[in-house]
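The following pair of complexes shares a single chain, chain A, combined with chain B in the former and chain C in the latter.
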Partner chain A sequence: MGRMIPLRYPGKWSIFRLDDRMLLILMGIIVGTCSGLAAVALSRSLVILLEWTHPYRHYWWALFLPASGAMLSSLFMNNIVKEGAGHGVPEVIYSVSRYGGLLRFRSSFSRLISSCLTIGSGGSAGPEAPVVMSGAAIGSNIATFFSLNERQRITLVGCGAAGAISSIFNAPIAGMVFTVEVILGEWTALNIIPIAISSVAGTEISRLLQGNNIVFDHREFDIGFPDTLASFGLAVLCAFTAVLLTHALRGMPHHSARLPLPIWVRAAIGGAVVGVIGSFFPVVLGEGYHSIQEMIDGVYDPGFILVAVGMLAKVAATSFTLGWGGSGGIFAPALVIGSLAGLTFHRGLAFVWPSVAWVNEGCFALLGMAGLISGMLQAPLTAVFLIIEITGDYGVILPLIIVSTISSSVCQYIEPASFYLKELVDKGQLLRPGTDGRVLSDLSIQELLEKDCISVTPDMLLRDFIEIVKRSRRNHFPVEDSESGHYLGMVHLDDIRPYLFNPGMYDAVVLEQIMDRDVEVVYLDEDLTDVLQLMDEKHLFSLPVISNKRFAGMISKATLLDRYRQELRVQTCR
Partner chain B sequence: MKLTIDDVARSLDLPLSTVERWIRQGRIPIKRSGHTYTFDRATLERWAKSHNLAFSVQNVVAAPEADLSGVSDSVHGGETLLSAMKRGEVLYGIHGNTVDEVLAAAVTAMGVFPSEVKTELLGRLLERERLTSTGIGKGVAIPHPRTPLSDEIDRSVIVTSFLDRPIDYLAVDNRPVFVLFFLLSPTPRQHLQILSRLSFCVRDDGFVNFLKSIPDREAFLARIEAFEMALDQKGLV
Partner chain C sequence: MEARLLHIFRNTPLGRETLMQSIHFCKQVGATPVIYIPAFIKFLMYFENDVVQVDLDASYLVSPETAIDHVSGLMAEHGLEAGFLAPKNFTASTLPDIPSDFDFMSCPRSISDLSSKIGLGYIGPRVRRIVRSASFPVLLTSPVYKPWTSIAVFFGGSVNAFKALNLGLRIQRKTGMPLHLFTRTEGKHPRVYREAIRERRLEKALRQCGAEWHFWERGVVEENLYDVPHDALVLLGAFGHGLIRDFVFGSTMEKVQSVISNNLLIVGPAYSAGR
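Take a look at the complex of A and B:
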């Protein structure tokens, strides 16, 4: 046998010995291609499903199509792949901040299938978040296969997400920006290059297979000063709609959980409600890209009231789909709701100031999309680049920036954490790189233990103890049971100071009489955040650490500061 | 230069688990081949410098873990009475009637120092005696200079001198002195450590009686070794 090529250890290939950036770029191409393929697969199968079901749309029982789709999707998620419902983006962010981007292999396809069932049957949800989850899982598993380290794996998870968004929207910049702004929360010279390359790969795959189409093509808008001014108002409307959608989506699971029914029945009920709403407002069904196109083209007929009610109906349908157990993302629904909001605003403007020459209503639909996306995700840059790329219109950039930034900041004012991050923030698990929480979560008590304390026993005489004090460097002495070795309490040097120079006491006092049994202790597996909080509350400088009822060591602020600074330096400068 | 993970942990003065985590997270540069990896010293030094971390391979040599024996070991800095006495010498039959005479005779008899050092040493010893007598009682005196001999020696030296007859040394207990331990240290810290150990010996009456028998060098050093071993076991000094 000749020399085997170490396939699974690309770090050994001579070309990558030079620099691991080369390796990451190659991996970025692979991951971007794979997640691009996943995105194309999902959007193709959605089209096919829609074509299948289209002939039956006019039958009365088409009402129950979304119900059956949601039910199947829920059964698939809970019984076959055994993953929770939902869109998956928080899971990706959680994994990036806590487990070095580790994701299960089955995540790379599970949500594709379940969201395909939900959306294809008419459920109101988007295919983007499932594709992001798949792409991220593909990146994570490729990194694990090639035994890359966590930093590289996180970069590849980002590559997967970037490739997915780039491919599904044919929008490479939006893919990059979304990844950096929402998924990773970190922009470094090291991770941006593979992510950019992956975006290119994902977009290229989509263009090869589906052609280079701008998603929402339209004629040019002639934007005047009054329109730019009006976009401030639109931003506020978008922000409130985004908050409404966020609350509806987050509140729904609490209501559905009250029903004493299996999860798949709940999903079916949610789907049925969507079906009923959809029979009055067909605009709410499915991902809704077709309706968006109509609105941008300015050929969407319904009047002010109907559009406004349609917007609320879409909010309701989306929360019934996703909140009751269906599977899919909020990207596409947010785009639809945003364009409906834009339309509503435009019709309101035209009604109040009919004399002003407003731009075509399609432009406001487009701005509304940006407003809602940036409000929901609190990611203004993602919204700006996404809308520019999917409409291919740079002319709207000024009002676009205004709507995105203002909507995002108003939302942030009302709801400090965005829709994707709220769950994590509530659990205290949003750990962006280089933040206090991240540094503390990376450090463990085990790494901070000071083990140079000398243990004593409760039956020790003061005379013997003083001999121990002589050769100790610490002021703290843990008292351990002489038989079981269990921790009993602490003796501090201050406790014996009064008797130190009184030899008469040396043989009269045993440590049991001096020791302090009510010392605050922490356990080896506790979070450092909690430990620090305890120290701050009780004004403590150091604490004994207990593991298995035994004394494991001391933890002190001095060591913590040392390690904390080292960790921060290692994490931040590259 | 290749380093092991233990060397790296010690060089950075970090727990092993931190270095392991940094490797897993890809924060520290390693050379990887399959499941094994090595560290390159030059690369690590550059990395540590750019991250403002202290990195010194010297720590690798100072290996002992901070366990209990390590604590007591570093307290006397590996310096024992026995080693100091072996570096010095044992002199017998030093003659003189006064403190000055005895000191001069003993310093002259010392073979371990060159003569110009000896002249200076004698001056400094006498200066110290004028301050207060170094006779610590039970017939023992520990002459030493006020400031350490940091230029002349780098390890502590004890020169033991038995007098041919006891003299009045103005000792604390006014008993005549029959033996002098010249204690010469490079640092105040070593001086205190040795002095403390020596005073433990002298506190023991059996040891003083043994000294009074004017033992030969081998028996004397053997007794010192046994005494120090007992001292270390009790962990007293």
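Take a look at the complex of A and C:
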């Protein structure tokens, strides 16, 4: 028994005691392997499910397949594992921001199953975000099992996300960059090494089990100056499409919530709509990688109008799938919509300037994918590396950078927060390390209380009060009811100044006559952000803190600044 | 600073009994009850090293329109003012985060199962997780309101047992109630336990509060527990021996809770005694 305990405390092993980098690298390998396996499991399950349903796709009732998948997915999420629908990435970011990366164990498998049901039946969603959630939860729970500290746990959450993305796309650099750019929001020497190792482990697992395949292989593109110039226009189109998709995805749940129906029925309705759209535009069904390959190869048949309408149909199908209760991510739909946008733009260019020797339309499909991803996630580096790795083509790097950065900037101008972060930013819950919000959220009023105030009672004579003032180092004196102990108000030294040089008043004035009952107060459970705002608005330097009607202490800007600096140093490792 | 007790209110007669236990506890130890009336069927509690999702039994959401009145009425009856908890943070739109920085939490033996399951010998999985992870002690209330008039601490010499004893002494000082110490000697001489107390310098505190120490040197646990006053608040440590020993030999907490119907104040391994 005595030997079992240290196994769960690897941080105490002599090999790791001096420096935890080796420990994190070891854990990164474990987490990357597990999250890679989770990604492969989902990927293989999807293939099996799609192959299984494929023979039935031509039947009329096949349009109800997405409805049944979304319904089962919703029932599974709400009634069996009791989690909300959605892709889970904001939940991972929220957990990293607020709770040191703590994630539930059930999250390590729940979205794998639910998204498999949704996507495998034809729902318009992607498997990438669910595997990110799953990988992050695996990392978090491994950290919890081994009793790692908060900083180490956050690193392992990042390892899980990186391993999952690396494995599902066979793209280790994209996995790393996505994690630091989107999930963690910080790049430090301490976390990047285990995350890189985890990405390698996740990729190796994928290559071992599925082969070393480039996701979207294609022939070389001959990019000329007009194409590079045109990529500015494509970036703007992608940005507007990304904003449209973001709005559709965010607005749809409000519409569906208006229906007084159980969640699983709403999910089924959303799925049925997708089925109907899919019967006209098959490109909207499932993750859509097959269609992307066709577009990159330049063999996608539909004409300009149908491609443009198909793009809008995919936006609608994705919103109906995810906004009405289905489960899955937006990565794959964004890739499909982006490639459709690229195709639309290319065909438009070819129509307007037919004499220009444009590059093959597959190149614009590829650039469109980068534009949509960078616009939605406002993560241009992720988009650049992802597209390079999943297409295996470095030749497109210049227009790729242009499309990614411009699309991301335009989106940021229209929507300051990305799709993943918007809800958190709106609620004030995005607390990246070292930011004002994060530092304040990690401090509590309780930690800042100054308890050296001497309480007085309202019936106290001025003479007795002056004796108290003599032995106090503070200017504020809380007045409490002598029987109940409830806080009544404050006496400030300035309040007694008129009587100080008139000893005749010492036995004539009681504190009740001079106390201030209208002093601003704050409560023990209030957020420090609110307290600071109140101090700023009213130009106050200190405030009494009340708990259950009693005086708990004072909070002052001076103490706050001291603790703020200490906390900031801890968070930024300085 | 006043201690705060978290109470998850169930708007049913059983919930009323539990709330009355919480009120009695708060009045005795001078704690402030903080009541959460669930608006959603589930909530999360983030602890230092674990996150627990509590999926409530559906009866917690019964008649929300009367819940506040019921709580306020009961509290006023006992001279307390109701303080309600409104979750500020949400992990998902229907998944509020309930703070875990309280000094005590009160709940029946199960909060996720139907109330018909609640009885001796059963502690729900969520309550177990909370006890295991919480830095506060958990008050497991008896099924019906049972005001306690003495304190009984089960002391077996483990780290958690010392935490429970320290907490028992604090409550004794606060309430002035008689304190009983119960030790099952497990084949050791009582002197061993007295020595352990002496080493921790608790002998004087026990003497000052007039604690009575009872040693059970023979007999089965069920029989021994008959000596515990029926109206005592029982304090004991839980999950202090590790998973394997608890699994093989059974946990003391499990045995105790399956035999006695007293209010139990359980001190888990993550309880920080300084609170």
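What we mean here is this: the second predicted complex is superposed on the first by the 567 of 574 C-alpha atoms of A that agree within 3 Å, B and C clash if a C-alpha of one lies under 4 Å from a C-alpha of the other, contacts with A are read in each partner's own complex, and residues count from 1 in each chain.
Heads up, the rule we're going with is that contacts are C-beta pairs under 8 Å (C-beta built on N, C-alpha and C of every residue); 3 or more make two chains touch, one makes a residue touch a chain.
Remember, predicted model here, so these are calculated numbers, not experimental data.
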Query raised in the report: Which partner does A:Q446 contact after superposing on A: first (chain B), second (chain C), both, neither?
Result: both
**Report entry** First (chain B), second (chain C), both or neither touched by A:D227
**Finding:** neither
Query raised in the report: So, does A:Q566 touch the first partner chain B, the second partner chain C, both, or neither?
Result: first
Report task. Applying the touch criterion given at the start, work out whether A:I454 contacts chain B, chain C, both or neither, answering first, second, both or neither. Result -> first
Report task. Name the contact category of A:E204: first (chain B only), second (chain C only), both, or neither. Result -> neither
Requested in this report: Determine, under the contact definition given at the top, whether A:R473 touches first (chain B), second (chain C), both, or neither.
Outcome: first
Query raised in the report: Which chain A residues contact chain B in one complex and chain C in the other?
Result: 147, 444, 446, 449
Query - In the complex, chain A residues that touch chain B - result: 6, 9, 11-12, 100, 147-152, 442-444, 446-449, 451-452, 454, 467, 470-473, 563, 566, 569-571, 573
Report summary line: Per the touch rule, the chain C residues reaching chain A in their complex are 1-2, 32, 41-42, 44, 46, 49-51, 53, 55, 81, 83, 88-95, 97, 99, 101, 242, 244-245
Report task. Would you pull the chain B residues touching chain A in the complex into a rising list? Result -> 14-15, 17-18, 21-28, 32-35, 50-53, 66, 68, 71-72, 75, 234-236
Report summary line: As the complex stands, chain A meets chain C at residues 1, 4-5, 82-84, 86, 91, 94-95, 98-99, 102-104, 106, 144, 147, 427, 429, 444, 446, 449, 525, 527, 547-550, 552
